[in-house]
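Only one structure is covered here, and it is reproduced in the block below.
When the chains are written out, they are named A, B and C in that same order, and each has its own residue count from 1.
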Amino acid sequence: MIALRDVHKYYGDYHALRGISADIRPGEFFSLLGPSGCGKTTLLRVIAGFEDVNSGSLMIDGRHMEEVAPNKRPTNMVFQSYAIFPHLSVAQNVGFGLRRLPIDEAEKTRRIGEALEMVGLAGFGERAATALSGGQRQRVALARALILKPKVLLLDEPLSALDKKLRENMQVELIKLQRQVGITFILVTHDQEEALVMSDRIAVMFDGGIAQLDDPETLYRRPKTRAVADFIGVMNFLPATVTGEGDGYQIEMPGLGRASLTADQAPGAASGGPASVGLRPETLTVLFEGQRGEREVEALVEEVVYYGDMTYYDMRIEGVDDPITLSMRNVPGRDVLERGAKARLGWSPGALVLFR
Amino acid sequence: MKGSGLRIYTLVYLVFLYAPIVLLPLFAFDKGTIIAFPLDGFTLEWFRQLADIPALHGAVKTSLIIAVSTAILSTTLGIFAARASSRYDFPFKGGIMGLIMLPLVLPAIIVAVSLLVVLLGIGIELSSWTVILGHVLICTPFSIAILNSAFLALDRSLEEAAYDLGETRWSTFRLITLPLVMPGIISSLLISFTISLDEFIIAFFLSAAEPTLPVYIWGQLRFPTKIPAIMALGTILVALSILLLAIAEYFRRRGIARTGGKDTGGFL
Amino acid sequence: MLAAPLAAILTYSFLTDGYLEIIRDFTLENYAEAVSDPLYRLVLFRSVMVAAVVTAATVLLAFPVAYFVSFHVAPERKSLWLFLITIPFWTSYLIRVFLWKVILGFNGVVNSTLMGLGIIDEPLTFILYNVNAVVITLAHAYAPFAILPIFVALEKIDRSLLEAGQDLGESKLMTFWRVTLPLAMPGVVAAVLIVFIPTIGDYVTPQLVGGPEGRMIANVIQLQYLRLDNYPLGSALAVLAMVTVTLISLVFLWLNRRFLKVKQ
């Protein structure tokens, strides 16, 4: 649907986009995820047409878009500030893009009504745009963009201005909306949780390039680089030495000992170089009386953080420099450990990810 | 408390400010021909006299034409310059903007005299158009200052959104930008109009046969018999100014309400 | 869209260019005459003095008013007060100056009132047709010019800074002196320049109420141009006046930088 090939963009001397290549499929919920300044908003604006490219190509539905102005592209954008026209009513805002279409007033009114209903704002048509809350403005922005039935909807950090509860609600609503409308959504966000929740596939960007493009589960379980692993969720890192290579990898780690890894546990092209392994907190378990783990190790509880449904522990393992974070669901009957307590931890070599 | 002391001071200050103006209607309706106390009696004679002076009417017409032209021209220039300045960065921007704003810090007589010299040097004859030129030069900086803040207050993504939704650059300007900077435009028109209407020194230097109102008044001030009529004229002018200002203020507040902004007080 | 303002600038360059060209045609003789003739020196000096006194008086008197409206008036009423303060400014300048002539004259309002009340026997003569009259009239005319920039600067001051000062133990007076005043300085500087520069070049007031003693540089320039047709000398005087104004303004700004060191 959307094809980017080796797109480069410069702002003066600053290399904002470094050779971006990606394919975005029709009907998918696609996210551009990364820290501030990584180029994700720039890339979105390139797709929308508000920025030119210095080299490379952008194709939507098989047509080249580099020379096409934003008002002629089959894309529509929801801006970070929502950009609701303050001097118009809600209905006038939503119907703004219909102006140039050869349809009569009755049809326009009908479509506006439909659009408002789709975003849950039925009946709001006559309100002044300035009399809306943040969440309502966002829905108006959505309705205004979707009423034009674009092939691609671009969203620039749409939820960052909302408070937590509202944000969580809107995440669900956006997913439902996308399924209902069926078009491609491209979302820009710096919030990795948000991207994981909503997306079919995510492109993680750092410094103007795409570090990894995968579905959420693959990104989480098999990150290709330390940077990606660190950005998504929480990850424990331990130094490791590779003692043997072949079909898989033999490694040795301080404190945890040796392990045998399969090839797919090293998704990043594992060439030579200093190695480290990553271990997600939820793949470690505290073993209570009578429980056994695939591999076991002794540890000391250093810090306890209680979240209600989960507890996060910082564990000291002998031989390992930094504390290891471990998370446990709080189940009735299971005690929460105290600081200073000794614990037996279980872990599995199959949960490790190798980085080089 | 401190507040009340300052309040009294400010009120006394206001009395000082209004003193001469308050005298105006007093003497305009006063029978006596000499401007002094005690007052003689009530009369509308001076106002009636005003209706009979063709030269006065001519001057009023000239002033109005010049003021309206100045307002329109300087506001238009102001719109372009402010938009360019607030949206783009072009080479020598600082220098150019500084040059345009220069008349703000020059005494009017310098502007008048320079223009006179240049125009005569080029060989252009003095007329209402030369006055308009002079007025536009001094009003444009005001216009730019007002419109600049209006443009800066405009969220850039509003224009991008309109563009994204299918409008052209020009229709975006017409449908979105213009309505939203309208309060600034009206402000600029009114201020340029008022400045031009009351401006004396440039008009004095640059007009020929058709005097503007201030130039006409200046000519009348040396004749004691004409003074009471001038008082009447002054009263009318003051009343008109207040009316104009009240209207401007009303529009300013309405503009703010429409766009949902906050009232910061005044044209600033 | 850029073309229009650029065209305006071209008009400018013509202005300053053509101006200097015509000056160049006539030699530096005129400058020599302008500078050496004691009459012109006196008038220029007087203009500077008058402008300085007017500026000082106006700005000092304006500050409390600006302070009052900014700090002691409810936000909804602020624009009303500003409106009231600026109304006099929007009436005809000529007529206002003429009214001062009327007020300060031999048979004028001040004299007839004072004599009527028995405070004086003879009309006061020192209040019209001299420098005093010029100063009073100009101070009145330029008052709103001084109030507005100071008001804007005061409004911008973050009120929580003042509260922080008091929270740390300062008295109200000290807070004013150490926090409010320095932060309002940009407004005061703007006010000074906004009053000083036009005042020094004012024509109408000295002409109407100044009398022979109260003439200022603008009157002299006008004389050369429109009465005596001596354009070169008039231009020389105008340039001289402009240079003086610019120099004084620059010195003022520089002094401010050195002694206040307030970041904008």
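Quick note on the criterion: a contact is a pair of C-beta atoms (placed from the backbone, for glycine too) under 8 Å apart; a residue touches a chain by one contact, two chains touch by 3 or more.
None of the values given here were measured: they were computed from a predicted structure.
The most distant chain from chain B is A, comparing centres defined as mean Cα coordinates.
When every chain is represented by the mean of its C-alpha atoms, the one lying closest to the mean of all protein C-alpha atoms is B. With centres set at the average Cα position, the gap from chain A to chain B is 56 Å.
Mean C-alpha positions place chain B and chain C at a centre distance of 18 Å. Taking each chain's centre as the mean of its C-alpha atoms, chain A lies 61 Å from chain C. Those residues of chain C lying in contact with chain B across their complex are 1-6, 8-9, 11-12, 14-16, 18-19, 21-22, 61, 64-65, 67-69, 72, 75-76, 78-79, 82-88, 90-96, 98-100, 102-103, 105, 107-109, 112-113, 116, 140, 143-144, 148, 151-152, 155, 172, 193, 197-198, 200-204, 208, 218, 221-222, 225-226, 231, 234-235, 238, 241-242, 245, 249.
Only residues 2-3, 6-7, 9-10, 13-14, 16-21, 23-24, 27, 34-38, 76-77, 80-81, 83-84, 90, 96, 99-100, 102, 105-110, 113-118, 121-122, 133, 137, 140, 194, 198, 200-201, 204-205, 214, 217-218, 221, 230, 233-234, 237-238, 241-242, 244-245, 249, 253, 263-266, 268 of chain B touch chain C when the two sit together in their complex.
The part of chain B that touches chain A in the complex is made up of residues 155, 157-158, 160-168, 176, 179-180, 258-260. Remark: chain A residues 48-50, 69-71, 75-77, 79-81, 83, 85-87, 96-97, 99-100, 128, 130, 144-145, 148 touch chain B in the complex.
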